Amino acid sequence: MGFIEFFKEFFLGFWDYETPKIMVVKNRRLGVIYRAVQLLVITYFIWYVFISQKAYQDTETRPESSVYTEMRGMGMLGDSVRDTTEYVTPSEGGNVISTILQREVTYDQRQGKCAEHYNVPNANCTTDADCVKGELDFGGHGQRTGRCVSYYNYTFKTCEIRSWCPIEEFAAVREPALVEAINFTVFIKNAIHFPKFKVLRVNIKPRKPKKLLKCHYHSKTSPYCPVFRLGYIAEQAREKFSELCRTGGVIGVFINWKCDFDVDPSACIPSYSFRRLDLRRNLPSSGYHFRFAKYYYKDGEEYRSLIKAYGIRLDIIVHGHAGKFSLIPTIINTVTAMTSVGICSIICDWIMLTFIDKNEVYSERKFDDTSKESSPPAVTQLTISSYGSTHSDLSEGVPL
Amino acid sequence: MGFIEFFKEFFLGFWDYETPKIMVVKNRRLGVIYRAVQLLVITYFIWYVFISQKAYQDTETRPESSVYTEMRGMGMLGDSVRDTTEYVTPSEGGNVISTILQREVTYDQRQGKCAEHYNVPNANCTTDADCVKGELDFGGHGQRTGRCVSYYNYTFKTCEIRSWCPIEEFAAVREPALVEAINFTVFIKNAIHFPKFKVLRVNIKPRKPKKLLKCHYHSKTSPYCPVFRLGYIAEQAREKFSELCRTGGVIGVFINWKCDFDVDPSACIPSYSFRRLDLRRNLPSSGYHFRFAKYYYKDGEEYRSLIKAYGIRLDIIVHGHAGKFSLIPTIINTVTAMTSVGICSIICDWIMLTFIDKNEVYSERKFDDTSKESSPPAVTQLTISSYGSTHSDLSEGVPL
Amino acid sequence: MGFIEFFKEFFLGFWDYETPKIMVVKNRRLGVIYRAVQLLVITYFIWYVFISQKAYQDTETRPESSVYTEMRGMGMLGDSVRDTTEYVTPSEGGNVISTILQREVTYDQRQGKCAEHYNVPNANCTTDADCVKGELDFGGHGQRTGRCVSYYNYTFKTCEIRSWCPIEEFAAVREPALVEAINFTVFIKNAIHFPKFKVLRVNIKPRKPKKLLKCHYHSKTSPYCPVFRLGYIAEQAREKFSELCRTGGVIGVFINWKCDFDVDPSACIPSYSFRRLDLRRNLPSSGYHFRFAKYYYKDGEEYRSLIKAYGIRLDIIVHGHAGKFSLIPTIINTVTAMTSVGICSIICDWIMLTFIDKNEVYSERKFDDTSKESSPPAVTQLTISSYGSTHSDLSEGVPL
């Protein structure tokens, strides 16, 4: 045909609607299976995807979070008072804050020469010959001078070293634990912002600010009071506080925001959970401690107090998840649901053609075999003509 | 049939191509609807999914980021100069850095005995009987000695306590705000690495390093100069600097990397945004302050200067998102697009069969009802035979 | 028909099974193409999606991680010993830890008046007239007094300023690098928790705790020993340690947990990688250094030692990824796979109808054109009637 013809035809064809031909099988058993599978798929989508997973929502899982922590409380160590400026570090109040619960202090250390600890490999000696001058043992405390001296006020001798003297193992004084710490409170302020939804939430109720700092958190009675007793935290983390005082430990404070902005945003309150993060097993590495020193000058010389501190480190970890209705995901998931229903046919076809199909009548009708057009002739003709061929002879061949 | 037969047949059948039979409905109205829906779906995919969402790209959203911050500047406090080593903390220059803007200093505190503050519950007394010895009030400053003393140089009396004396509330001296701080600059170096794409980007232009540290950031004029005036930051966060000096505050500095590595990676420049992270409402908890102390020894005794510092804490938060063409997501999304087009049939079928279908002629032809094979007989025979059944009588029944 | 009728019919129809009619094309070429495409799709899903991407697993990518770091070692600086309390900061042992490798110390600074550095813009002077009283140069060290004094013990003169005197540029003393630091070790304890799978993993083997702290990490020999030599880290990050001592640098320590909980969880061991995070180019901003001061009192006056420290900052960054078999994703991906196979038809139909289709016989049979029902008459009647229409005249027209 001519180009115009063709183009015209194409244009007309473009506006045709094409839909697959369906074979209806009046088979109750099959129908039931079919509907059952469909029901299953639809239930899955409606119940799991849409209701439980809220697939109709646009979600945001990594909100901008700001944490401010402040430790409060005070305890007695013998006659002297210890307050937060002494046992809390760092002072800036970020999302990691540690409290010292017990200290081993080595007072008045200064650069000088003293005896190495007897545990250090080949530190024990009888004569200077046993000590290599200038040796710097990796596990030791300093550089050997080459002399063999008596171990402080003891009778036995060890190698002399240049170091901060006296050495910690010998001179450290273990203070009693700060038992009052169980009543210390940590105030955790957490402001969270979901940029996508432009929602800002804070874990503090705006009203009654004065009362705020007096309350203590309890999930039931005071969900809006982010002031936690260390005792409460330890208990929630299933740890004995006395044990923590001895070895120290790292405890994670998890703030979970699960917000559904289809309902009132003010309904979105954080939940808190506590879990010990470091190992509980009795390794030398278990627990939490750190060393620091206070430096000072006495008659022109630099001294320091070396402090080995056991304590609780709180890591505040914020998880946020917010959802809000959005068209795109809704459409996508609905389409997926609809297309997934198609899976039913695959299953049922298989059942039908394998088990139910008696003497292949279904498959005969479902599958129109192009190769079968040549037998028996007459039928073929009909078939062909039934698709509008124009063999004049044929159409006559059919009796009216 | 024999096994060989069957297997042969199966093997032959395996190479057949099966395609659904389609009914073409020459209905202009329907055709238009059909194409319209198709257009909608295709537009959605091409425009939204592929162009706007760049679904053809493999993405990476959590790059490895390294932040180094350094505060610069200097101000006068009375006659003495204050520089960064004094008002910036911590000094290591991590992703959280605070500047002290105003201080309340309690000089020369030392362990001792002094009067409790009159605000503390039942601290006011007239005789020693009013003060319980050894009591440790949680809201107070120390342990009561049991004596009732005059409140410093005042006439009224409060209970005496063991504590760091004098107590802060009485002796704290509020220094003037460090107003010059508005001109302090913070230099934020941010190196970011996308492991998947093996791309390293830095927010500094390699060229003209000398000029680098002199410039000030401005999104328009100098996108490559990560040196920010505190004044600029406060202004961008819509905060009054004077207000910040008074209460302190936490400000988030957001560095957003949005990179498309299909174009030149060097085109990917970060954008900066600033927002106040803590609450702005007038709560006791609003603003940002922290306490620390400087310890020193005077004639063998330990003293400290307790400092309550109000300041600005900058939390540098880095967001990264990079995309690069990848075959897999492209294929997946294309397939999804194609299959989603199928949704049109569902809609249009419904329209057709419900509204347009005049006297059920379409549904008759769309749905081939297996149960209808027995009426009227002749037709049935034809129908059956038209699927190649071999009723001898029938094939004869048809005139050649 | 009556309502009951209709309802009855609908109910019956509800239990019918509907399946699309298929045309079987006995065309070897087409069949081969069809199967080939199918094979491709199936291979892609089985190999890539299921085996390589483990799409049958439910995954968790953001585990709760807790890091504890501790630096060990000791070095000599001249005659004095330097240990961790002096060169490691911060002491709390978080996920960022820096070691000082080289220091520039300005001893005994105190508030006072001294000469400005000659590099500062217009600080050089010949008479007091050259110095503006009260001026506070941003790039300088303090506030000008208005006097012009000789630059310390030099002949030339600069403006006098109020500042911490003497100024760093003049008085700073560069200490030798702490070369022994190459043998320092950092112990990195990392406990990781996957809430979804309730699995806790630690990068330390529970057994042989004593040996633990003595060993050194090597991926081959000791994957379970998280004690790293600084020299090893620098080498892994492809950095010269001597270079790092000079300029300092930030090195990322990446702990990668890739866990498959379908196999034994204890098989999931972290892998470590090291990469320099800051710029390596020779900018003034390259490298890593920070300033801090030690404050002390001498005869009632406050002094400080200002320290500019070059060092290595280790940023410990933890990546976690865990997977475990789950039904939902398996189903979803299987369905997707099955539906995606449908894409083959689209491709093959196109091929068939465009290239192979000889004289349109396929398309004739694939597409049942509704508009063709009126020609030739006889056939039409058959066709119509074969769908059980009830034109009395027609059904009579058919010979029994």
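So that you can tell them apart, the chains are marked A, B and C in the order they are listed, and the count of residues begins at 1 in each.
In this text, a contact is a pair of C-beta atoms (placed from the backbone, for glycine too) under 8 Å apart; a residue touches a chain by one contact, two chains touch by 3 or more.
Remember, it's a predicted structure, so these values are computed and weren't measured experimentally.
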Numbering shared by both copies at the chain C-chain A contact, with half separating same from different: different
Degree value of the rotation bringing chain A onto chain B, based on Cα positions, nearest 5: 120
Distance from chain C to chain A - Cα centre to Cα centre, in angstrom: 14
In chain B, residues with contacts to at least two other chains: 18, 20-27, 90, 296-297, 339, 342, 365, 367-369, 382
Chain B residues touching chain C - in the complex, by the definition given at the top: 14-27, 64, 66, 68, 70, 73-76, 79-81, 83-86, 90-94, 180, 183, 187, 189, 191, 193, 202, 204, 206, 209-210, 212-213, 294, 296-298, 328, 331, 335, 338-339, 342, 361-362, 364-365, 367-369, 372, 375-379, 382-383
Complex contacts: residues of chain B adjacent to chain A: 18, 20-28, 30-35, 44, 48, 89-90, 96, 98, 111, 136, 138, 140-143, 162-164, 250, 252, 254, 275, 277-279, 281-285, 288, 290-293, 295-297, 300, 304, 306, 313, 315, 317, 339-340, 342-343, 345-346, 348-349, 352, 365-371, 382, 385-390, 395, 398-400
